[in-house]
């Protein structure tokens, strides 16, 4: 009953098998090997983007920070949702990689940026003269931090506003697979066909040991990405082992299959909570994350039964007043089992004093 | 006959086996898992340093840049050999991570810093007032870029000079295993017992997929290492897969066994070259790298036979005047075979016009 | 009728006289001259802070950015009002000087930070673990961007909360003189006696050519300020000419006299607006700035009469619908004359169609 | 007898007079005033460069660091003489402003870069692949740190090599006036006509309170200079007071007249030393600096007589063995008098034991 994050799960056998298959003889270092070229080509195919620039890194923060640094100047603002991972959870990595750009947090319901708020922010920066902070890229998180999904129309609206102001759009796709699986669209439709210039294409939360791809659909927009990756220590000498994982991941839609499993598990969890008279959903469940409020005594019971997840309150609140409603984030991954869901449901339904 | 670098080799089966064994169920992310704690503990044991601060990253550049940034202020100088990897081969990563420190290159024969040159540099910076570039850490590369090894006495001499000036000593140990294997000393003797404060303990060049440990023997000297790692995108959510590799690596002296194999292969290659009337060794062969000069026609023959390695000249020189002597760097790794060495020897000895 | 900013005014004769008096013979460069020592001593006296660290720079942005960089680590958050100059008007200077810290904007009426909002922000950062963005210094702007003033009690409350969380308090005192003049307190009471650790003590907006002092009441808190100033290009070789200005400024309370004149002019301007049936004050007038709303046609008339000031709307709005209320910021300085105020009043009262 | 540096001298009356003349009424802040526009226009005229981009700052370090940051990317190398001010004397300011570029020190006699050394460095960086440190701008110091002067042919040779490799040339002209005065060429001949893209045009060492101009002859090469200046705290709100100084400085060749006086004083000082049997010149005296070796006892005598200057040895050496030769740097400025030179000569010639 591990619902802390999708990065706590194991990797599917296919990934380990691919690693073993890649482990033959010598290979050129620093991405000049054949497997890296194959993985790049396969990603281009998956995204219907034959000219895309594709660089592999090992963490989501690295992917985001490198993508943003390649798009933003140090004297610019980066626009993101006020709850975005790049703003709240990366220990100032974007500021570090960009050399001091400023992230402007924008409001918006359920994790999606409110277009009116983005419009107002653009207007504010447009009125600046040539010595003030300049408007830089827009960053959309999809799946959002609230577990909701931007569909291609919503992406197009925001990215279109950005383009009209001459600024680029980045997508933090740590859970991009879950978004595509939820929407049933193509990867191209959710990115460059909707105006996205650069994507952090996540693999780690969805079954890899630690591989993400930074994808620039317009390579000209990627200022010095290769050198930025090297000087940030994110160019792997043994790139073949990242490439092998990414190849397995994008082969035969494995990535979508894994994401569908995670989303399905979350859907079942959502149902369990919807069926509970004690629970209230906080955000619509659209992918692999469920946000719900439960009274403290229910959290205490769930924890006693072995369920682990983040509370939107100090842990001590669980043993506080029993009826206080406390928010929870519950994340499923490809390896979440029916048993996990049933265990959760049983703990929730069990009589409190048997 | 792959002698380009030791990062072109495969990983031993034990490492893949360890990955598979680690791939069970869920684990806490970001290094809060049990395997990471075990791997840290095991490294402390190997180094006889129960209080050491140990952080895992995936590349040597990340390890060096994070270690140096935790030791150096932006207004300081970092002292290194003028041929050091941190100065020449990391695309300004140390400057990036430190926020603009300056690396001062020092001369010294065969890759080892000349103590007199270090003394002169220290004197130069000591005479500065409180607004000039300040003397920051010393960084020693061991095995050096010339394939030679600092022994504990040599480390002690330089690190002692540093300490006398109130500055710390870092060791770039991308090939630390090869150095320890060559010297027959303990890891502790070559590091903290000789005055080293921080070590980049390499695993990638010696058989791992991509794992290095940043080790601070004096944790108090590591200014904000944990936050620096996170904001540089080098904190792995699935840390258990780095830890599993490092555990296998340091179990039963696997790391030393692999390094001994690499050193032994290099020793045989050295002998091949010593036996050739055409070859001249450039530096003493002390670990797993051989530097030698050969006439262009010999290089052409070796390449035709399939030997790959870096030339200290443009590749086109191989087809230039046949008797011009060209330097080569030949690197062995744990997977270099006797067949590789024999193939090299045969190409060298074969009659030119059969 | 120049009300654009207090940095548009001239300098009083006493300052130019002091420059001429300083212009005799040679002097040691880089602040090692006698006048610099005198100016530092005099500031210590004015602030009753005999141990304060005092460094002169030439711009307010330099003073703020250097002070904050000496207090904040790159992985920290800096807390400021959401309208603060450091957040909105310095082209990411604090991010640059700190190496990538993040400024967190806090709400609060009339430019003053709401203590409850600060408390919530501190709680949010306190719950982070050792790898997340850390709580860094609090920065208070006094006079605020809305022209209001924090009194010593209000400063104490916020600085006390900061201290209780182990973080320092900086005051952006670009208009510190106007605040002290308005409050009638001592400089010490508004700073270190209220818990302020570092002050940007402005001179430029209040009559100097371009001199500010960075003052650390607790010198131990100023991490490497001297080297930071040098490497930012803000150490003046001819420091005596900054010092001479600052000496004249702090001699015989000239600084307070200049500020009182500016405040008095703003008070008269406030009265003019209060007397106008068309005008509405936006914020209480507490120092040398007046914020008021007037209908577009009144702005048009004022501009035609030669009054210059910033509109909180595009300039084109002045010729838009005549009754739309548009906000204005009107800033007085020591050289604002009664004639300026009368001219403004007359333009406001003049019959529209004479 | 102040020979420590040319930044220790006073400013000519014309500069203070210009300040007083500029001190009338209000002016638009941040360089939007009429005087700033005039000063920019006048510099364009002086340099015969009607399209040049001209920005004023107050220190030489700011001018150099901003110019270099506008030319160099963080992943690049900057080529400079190994004794250059930007490398040795700016507390890592170029590294700070560029975000971590690396300055590569090149050898060369008497402070001038050896073209062969520059060629070798360019070759070294040209052989890098797309992930290594890239060749960035060349920076020439004129007058050099050894007091010598590059003439237009020498500048053309080095700048031409740079241009052939696609890199720009910056000139650190802290003593540019002294160079032009010494050569008798035009400012244009020594800069853009010789291939210089950007100049730090010094005023401070040659008679201003603290004003330098960053001049880009090709404005397109100046990446975001205006924003860089603002975010470094070097945009002056009261720009008119910098502009007034620069206008007076470039009016009627005042700048060249001041420099000629300084050079002439140094020429007389050179003659004094050439006439002394004890002295040896270290570098040719070509502008306003003299480098000479004298025995310790002569230094002691000079100091006793009140001469101040930098020794190329610890000060204590003066009272060491009397015949040890110690190097000295003696700098003249426009206000160095005949009395200063005679006093120096008399101290040198006076019988040791009268």
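Per-chain residue numbering starts at 1, and chain names A, B, C and D are given in the order in which the chains are listed.
By our rule, contacts are C-beta pairs under 8 Å (C-beta built on N, C-alpha and C of every residue); 3 or more make two chains touch, one makes a residue touch a chain.
All values derive from a computational prediction rather than experimental measurement.
Among the other chains, the CA centroid farthest from that of chain D is the one of A.
A count of contacting C-beta pairs for B-D and for A-B identifies A-B as the more extensively joined pair. Separation between the centroids of chain A and chain D, computed from CA atoms only, is 52 Å. Spacing of chain B relative to chain D, judged by their CA centroids, is 41 angstrom. Mean C-alpha position of chain A lies 34 Å from that of chain B.
Chain A has residues 74-75, 91-92, 96, 99-100, 131-132, 227, 230-231, 235 in contact with two or more other chains. Every residue of chain A that touches chain C in the complex is listed here, in rising order: 74-76, 87-89, 91-92, 95-96, 98-103, 127, 131-133, 314.
Taken together, the chain B residues at the contact with chain A in this complex read 2, 4-5, 7-11, 16, 19-20, 23-29, 57-63, 65-66, 90-93, 96-97, 204-205, 209-210, 227, 230-238, 241, 335.
Against chain B, the residues of chain C that register as touching in their complex are 30, 73-75, 99-100, 130-132, 134, 224, 226-231, 235.
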